[in-house]
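Structures are listed in the sections that come next.
Each of the next two complexes has subunit A plus one other chain: subunit B in the first, subunit C in the second.
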Partner chain A sequence: MSDIITLENITYVYSPGTPYEKKALDNISVSFEKGTVTGIIGHTGSGKSTLVRLLNGLERPSSGRVLLDGEDIWLKPKSIGKIRFRVGLVMQYPEYQLFEETVRKDIAFGPKNMKLPEDEIERRVRETAKTVGLSEEVLDMAPFDLSGGRKRRAAIAGVMAMTPEVLILDEPAAGLDPEGRKKVFDAISAYKEEHGATVIIVSHSMEDMAERCDRLCILNNGRIAAYGNSGDIFGDPSVLIGAGLDVPEITAVAYKLSERGLKLGKAVFTVSDAAEAVAEILKGRKAGSDGMGKGGFTL
Partner chain B sequence: MTDTGKTGYIQCRNLSFSYEPKPESGPVKYALKDVGLTFEKGEFVAVIGRNSSGKSTLAKLFSLIIEPTSGELVIDGKTVSSELTDAEILDIHRKVGMVFQNPDNQLIATVVEEDIAFGPENLGCPPDEIRRRVDSALAAVSLTDYAGAEPARLSGGQKQRVAIAGVLAMQPECIIFDESTAMLDPIGRRDVMNIMRSLKDKGITVINITHLMDEAARADRIVILDGGSVIAEGTPKDILSDTALLEQYGIIPPQCTALLNELRKKGFDLPSGVTPDEVADIIAAAAGL
Partner chain C sequence: MSRSITLGQYYPASSVLHRADGRMKLILTVVFMVMCFLCKSLASFALLLLFTLGLVFASTVPLKIVLKSVRMIIFILIFTFVLNIFFTPGTGEPLLAFWIFRVYKDGIWKAFFMSFRVFCLVIGTGLLISYTTSPVDITHSIESLLMPLSKIGIPVHSFAMMMFIALRFIPTLSDDAEKIMTAQRSRGVDFSSGPLMGRIRSLVSVLIPLFVSSFRRADELAVAMECRCYHGGEGKTSLHVMKVRFSDFVILFVFLAVAAGTVLLNGIKFGYSM
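This part shows the complex of A and B:
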């Protein structure tokens, strides 16, 4: 139940002192608990990307502190690079950053920078390739010969190979087909299980977030509009709508059912939960009307 | 066939394409094989299918970026072949526009209205005609107030709308969207989807290539490609309710349809629906409300 990474009263201002000065984050405080999967959602320009860049030390806050395991990551600015081995960031479309001749070399790039011994590097490459579902033969292929989905997973493996305690992914599944999306999310779950890691995902896909995240943090205009368990957040669509976001389709259906006088027993945000809840209602109604039929009782 | 009434705006007959038609060894690998499809004028069609199913190859053929390896492709009555004159090619380029996944790859000018004027300028339109087209394209994507803005300072959704306006200024008859919402936030996606619908209402043929099934659900017709062939086509209701078909081709239906499909598995006999409103109506009716 301990927090691994904490933002404390963080404000971040872009281009301070110029006409383009913009406060991207405004006095934000939030903690991420060890071993959880947190989704960060917000519309374009809400401050999501700034937030994740602050978490792994790519940006330095204008004011406030970033604490990793209780320690200010900017205490020794010269060793900020080491923080990035512990807090891994997978950027949007990370496959654009693949550059080595083979997938093996590309995944090994991070561990090499950590100055690990050769055999340990080799071990990590194999291990992460397995985690993301890439076969041994793919390792010797050129990254550019892979399909889009495999390329994406190879790039994600490159960050995982550094075995960060906190893994942050910015739109990890954008632009992939449904199968590709599933494989990426499965890889993230596998990494989390294997390493007990904390995962933070930025995404626009409410459906994916509802299914994959324990917690949700909603950003709106540089502030936190809501932070809590996925169930609670999706249980009250007004917060999402207020922050200029969509609700998952299934939440919209539940909402529209309540407008028609059908209240589901609990907040639903996955298809199987909704199917259960609706089935309960339909069965109840059917039993009720059958009963009435037998009794010959009509109004 | 070509002279008798409803012939289709874009027609493919046994259309095949190979990126390597004469391989050094082994059989020819086709990106598209014997595709037969018709797109009517003013139709709104979603093309879905997993990666490398041939979706983007189809878009490249329609926009004359590549030429058919075999079979026939007819666009607005003209058969696509190497015999086409430059004027005919230019005419098809004007008629069939494309909006790509990343608007940054499609925007070239430093001011929004200049970017939109680029097409009509190249067509040799007189200045007042260019002005008229730019204004009407900006209005169509609700960006009139951004005429003088810098594209680099716009959000992804706004940039994509500028890209669409740039295509509209060519006064096209068909626009192909190749995963144009993949990089946008929910609001940006909604805006672009609404624009697709309004273009269709204006009589423009809209082809939306997408991985997002909730988008496919909003088209008039869905075409599924797999391994370069057409696997199925039909209304969103029919296609997205066919669980066996979806499972076989790795397609995950939108949550609305998935909910009805799950309920059917549980033994409830329910009709098909694709939007939250339709699904809520269907369930409410089944509950006797």
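This part shows the complex of A and C:
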């Protein structure tokens, strides 16, 4: 498959030339493949939000190029606005951007800025409301009257209604309860299915990302610590731990075990996973086969 | 957050001036202003210049940044200069005469002196207050200096707390505003070009969320303060205990000495004196 967005040697410096100068991204090169779901993981301050703001041209890189479909997005700085309709960004806590009297009007705000005809706007509002699971009544309510989870989905719908080819979400589930998180992620999957879009999700929660992402990009202090298939990355938690991420305790235990020679076969994130994996090994040992490494580990 | 303290012109460092007591610096500012207006002769102006440069050096703020504050008042400087050059009555023959304007030699001297005075005034007070004292320290210092007024029923502490909260929330709100603007730009709003009416309308998409978030923040802060039993009344102690140290008095002494010096140097009638 082909790449839709490519970052080439991107460096980004905040407030250059002042005492507050801060290099947020340091010579980053990475490509996002068309139609995939990529997760960007990193601890707070590792540069995730800066990275995604570069992708839709909200920030201009200090050096390096951002390519969309092979074309430098800053070639014509005057028309950078058009890029933002192709690469939609849902910022962190997007509910704070709601401002219209009704949810319907707010979702229509983006398409209106695209200068689409009225009936097309109307159609998109209804369609995206369905995608994110907001009912017809909710559309006529004031956004400030909605519950936290619905507000979040209304705000996400506001970006989806512009039907971007690439949908980027910065911590889309932050601060929501489990049910709210699930609904948000369901909405994202639904959008991807309907439009065949490329999705990039920023998070620092491993559990959310493990099952939902095809690719993972681990950021650490403005550099890419690892990039690859999510199975591979989660198979070796040392990278995650090295990047200062909080892996679940049981994952850390499993990693410690594997360091000492007891390979569990796959990455575990829950205690029951680990129990199964250990049971598997014990079964293997009873059957006489060698489930252990050379270390002569005894349980 | 590193960004929060970029408020105003504060230049973070730990020079002698940065460490000096905020209240003392407020007093020194007054001394410095008086000093500027006491200068009348070429010699005393030379001392003033030397002293101002000394302050720049002592503050460790780069000269480039200090001169930035002069750029802001360049029009005032030019205005002072032009006004003095044309409207100073002088004796003897004017150097230049046209229409109602007469330029005398005295006028040129005075124009230089007056603009130089404003120049030093801005740099000196800037160094003492804005560059080396954080807004929070300024608030605490003003509160402490005005405290005697609470004896006659003026709620100094409440005013200081209001000012403190306002200062504290400027960076927060500007952060919020920036975030909301970025979010709306992601939805295709163009704040920097297009027809005027369109741009005004696009501001609405920032102002409404900003109002909502500032009311929310105000509410949260009030609740948080009440939860900690804040009542703003008698007997509240402060986390920042201000203490005037010996070095502060040394600095005060230097300022007073220089002020006295300028007065003495006024006696030297070399070149021109006002």
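Some points to look at:
The working rule: the second predicted complex is superposed on the first by the 247 of 299 C-alpha atoms of A that agree within 3 Å, B and C clash if a C-alpha of one lies under 4 Å from a C-alpha of the other, contacts with A are read in each partner's own complex, and residues count from 1 in each chain.
Criterion: a residue touches a chain if its C-beta (ideal position, glycine included) is under 8 Å from a C-beta of that chain, and two chains touch if they have at least 3 such contacts.
Worth saying up front: this structure is predicted, and the values here are computed from it rather than measured.
Residue contacts after overlaying the shared chain place A:2 against neither subunit B nor subunit C.
Shared-chain residue A:176: touches subunit B; no touch with subunit C.
In the superposition on chain A, contact is made by A:256 with subunit B only, not with subunit C. In the superposition on chain A, contact is made by A:271 with subunit B only, not with subunit C. In the superposed pair of complexes, A:238 makes contact with neither subunit B nor subunit C.
In the superposed three-chain model, the partner touching more residues of subunit A is B, compared with the other of subunit B and subunit C. In the superposed model, A:207 lies in contact with subunit B only, and not with subunit C.
Applying the stated contact rule after C-alpha superposition, one finds that A:22 touches subunit C and leaves subunit B untouched. Once the two complexes are overlaid on chain A, none of the subunit A residues touched by subunit B in the first is touched by subunit C in the second.
On the subunit A side of its complex with subunit B, the touching residues are 43-45, 147-149, 174-180, 182, 204, 206-207, 244-246, 248-250, 252-253, 255-257, 259-262, 271-272, 274-275, 278-279, 281-282, 285, 289.
The touching residues of subunit C, when paired with subunit A in their complex, are 2-3, 6, 11-12, 176, 179-180, 182-190, 204-205, 208-209, 212-213.
Those residues of subunit B lying in contact with subunit A across their complex are 49-52, 101, 155-157, 179, 182-190, 211, 213-214, 250-252, 254-256, 258-259, 262-263, 266, 268, 276-277, 279-281, 283-284, 286-289. Interface of subunit A with subunit C (complex): residues 15, 18-20, 22, 53, 56, 58, 81, 84-85, 88-91, 94, 96-99, 109-110, 113-114, 144, 158-159, 162.
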